[in-house]
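Should a chain be cited, it is by its letter among A, B, C and D, assigned in written order, with residues numbered from 1 in that chain.
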Amino acid sequence: MSEEHHQAPPRQRRLRTQRMEAFSDGVFAIAITLLVLDLAIPVGAGRADLLHAFLAQWPSYLAYVVSFSTIGAIWLGHSLITEYLEQADGVLVRLNLVLLLVVSFLPFPTRLLAQYLSSDDPERVAVTIYGLTLLAAVTLLSLLWRYAVRARLVRSDAGDEELVALTGRLTPGLAGYVLLLGLGLFKPVIAVIGYLLIALFVIIPLERARRSGHSRRVDSR
Amino acid sequence: MSEEHHQAPPRQRRLRTQRMEAFSDGVFAIAITLLVLDLAIPVGAGRADLLHAFLAQWPSYLAYVVSFSTIGAIWLGHSLITEYLEQADGVLVRLNLVLLLVVSFLPFPTRLLAQYLSSDDPERVAVTIYGLTLLAAVTLLSLLWRYAVRARLVRSDAGDEELVALTGRLTPGLAGYVLLLGLGLFKPVIAVIGYLLIALFVIIPLERARRSGHSRRVDSR
Amino acid sequence: MSEEHHQAPPRQRRLRTQRMEAFSDGVFAIAITLLVLDLAIPVGAGRADLLHAFLAQWPSYLAYVVSFSTIGAIWLGHSLITEYLEQADGVLVRLNLVLLLVVSFLPFPTRLLAQYLSSDDPERVAVTIYGLTLLAAVTLLSLLWRYAVRARLVRSDAGDEELVALTGRLTPGLAGYVLLLGLGLFKPVIAVIGYLLIALFVIIPLERARRSGHSRRVDSR
Amino acid sequence: MSEEHHQAPPRQRRLRTQRMEAFSDGVFAIAITLLVLDLAIPVGAGRADLLHAFLAQWPSYLAYVVSFSTIGAIWLGHSLITEYLEQADGVLVRLNLVLLLVVSFLPFPTRLLAQYLSSDDPERVAVTIYGLTLLAAVTLLSLLWRYAVRARLVRSDAGDEELVALTGRLTPGLAGYVLLLGLGLFKPVIAVIGYLLIALFVIIPLERARRSGHSRRVDSR
């Protein structure tokens, strides 16, 4: 906060990022926890053979783990972006609200996936709706970052190659989602596992970019 | 906090705003995320033709987007108000609790809207109940601000024309909601789209007033 | 934090209050917002005459408002207590967890109240279960405060008469709840309105005690 | 934050713990509050004799209390670990996400327990699934701590015997859970009460270790 540009022209409308971060954290935490409400076992099936009925719900567990991992990965990416943010402006706040809209919508396609995976035809529709939602979320996260860089909202002490590296890191997922959307029309379950792998992959390499952001952070606090 | 009026007379009962802000943020984030729980597809319809059944739920998606945008706009307005607040008193805290009551009630009229939009007669009742809830929320937000200004709870360094501009910005929505309430009796869907436009309009211009509040903020932190 | 008793004997186990406060705020905000999930209109009834069906749900709205006000009042009392707290110890943290257990349990008796108010015999049972839950919550809040005072966990600069005044303020509700529990066996609806009045009464006078706590606060921050 | 190792080699990738803590707090608070959604009374049963129907739901209340206490105990353990944490790295953040996945999954086995406790055969399956989930959560909490110590992410001023004492404190529960998993195949209700006792036991002794961590904390803030 001590590094604000006091000479910022009126058009740029800098806003503080703190409240946006707190509100986003709340929405991420609630969306990720609401996923459990759709895990259920049909009462009749459970009373006869609970273990069998429990295991028969595997599409629910798969959908749960994929959505949990994806929201976790997006949360990680989001917290990485806000770590670089020095200020926010009106466009960024609105882009962030649209991202939150898609993230808090995700439990619905997750429910569809859980219901229709391993059924015949609806399976493809459910996987496609699910994949489009994931693609929208990841695209918005990427847009959020690109806009922040272009509008010079990021810390002025962040090096150019650092920003380029982070941009690259937030992009490869996009191509993967597009590929899996096509694959999902033929092999729905494989596509869902692909979505899980992307999420896990995004969770893992993020830290490399993070380290340098962090060491820079130490003295500005 | 460093600018407290130590000479404040006992009657004014200044309270700190921090905890009120955190609690409100929690309620806003949860209310906005609970909206997804009412998105569902009738099981029978889905199994036959999921894509058709998914698209047939358009009133649900419309209601979801309108309520999400409205809560988002109210949250933005609320965070703008608390940014100007220097202190809180008992009346303000109670007004805020009433505002939160209406905001956390909103998922219920949203559900009614999703169920009855595009049905015959109940449609009008649902849209009217929904509109009245929105009007109550926006009126309370406006009251919260007017009370804060009148009771001199806002920062003493905020200029008069700045406060007047913000008061104007938080008011035009009110007339719009009243007009749409009437329109909703004849053209329910059009009224709902009107509610969406107001929310988007409120989200956008808020930042202009914010900028000046922000630059003032920098040195008091 | 700067006023810690460094000479505190090992037995007293001072803990920090910050994380306890954040976790409690989360639980209060979620419990108060989950109440809306139990507002619903039977589908058949709604399609015939939605306005009538909407108004017929008045027990739900009454239960919603009473529970919202009560959780709001308990949250206010809780935030008042933690404002006086200098430290926490193990007993306090556990008492607080039991209070949170009762508060997050409240949506269940609220649902019973909404379902059975205005039916014949179950009405009395529902109101009694509801009243017992409120009594438990308020008793635990009072215990939390009394324990904090007795274990000398409150700020050492708080005057004795101030603490006595706050103790009195957190107690009168208790007698009211016991009286209303008896009344509820004969006049259930009147008892529920009584619970609402207590909550509103608790919300209002709390600020008087708060003012002095607040002015003391200013310099310790 | 002032004690960062500026000479940390790139491989160690230190991340800040603050956002991880806030996100975890949100998930814990939501998971613990969602438990109430599964408390319900069959409408027919309630209308006949509500008191009887209310008391007949005892497995639900037992499951509610056990899960609430266990999440409470894990939250306490988690907040204890993060108090010792000086930094986070990528492995820790991922371990933490897996822990949160299991914690936010817990309402589902809790629902199974509530439904099938006191029925004949499914009871054993429900108790075993429930116990396995608890065991997974506690194991992950223990792994989180052991990893933090081994990767030298804890404060450098924490004494070795202090760390060993804390490691011991987070471990005994594990053996208890394994024993109760076996017992649950023969005496399901006894096993559930055992899970409750472990949770209460974990809540209580944690503070002893906490005290020393706290007094150390005072000057670093």
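By definition in this document, a contact is a pair of C-beta atoms (placed from the backbone, for glycine too) under 8 Å apart; a residue touches a chain by one contact, two chains touch by 3 or more.
On a predicted model such as this, the values are computed, not experimentally measured, just so you know.
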{"item": "Contact-graph distance - origin chain B, target chain D", "value": "2"}
{"item": "Copies chain C and chain D touch via same or different residues, half shared test", "value": "different"}
{"item": "Angle (degrees, nearest 5) of the CA superposition of chain A onto chain D", "value": "90"}
{"item": "Greatest separation from chain D - chain, by CA centre", "value": "B"}
{"item": "Rounded Å distance, chain B centre to chain C centre (Cα mean)", "value": "25"}
{"item": "Residue numbers of chain B (touch at least two other chains)", "value": "22, 26, 30, 34, 37"}
{"item": "Touching residues (chain side chain A, partner chain B) in the complex", "value": "1, 4, 6, 8, 10, 13-16, 19, 22-23, 26-27, 30-31, 34, 37, 89-90, 93-94, 97, 100-101, 104-108, 111-112, 115-116, 119, 121-122, 125-126, 129"}
{"item": "Footprint of chain A on chain B - complex, ascending", "value": "22, 25-26, 28-30, 32-37, 39-41, 43, 46-47, 49-51, 54, 64-65, 68-69, 72, 75-76, 79, 83, 203-204, 206-208, 210-211, 214-215, 217-218, 221"}
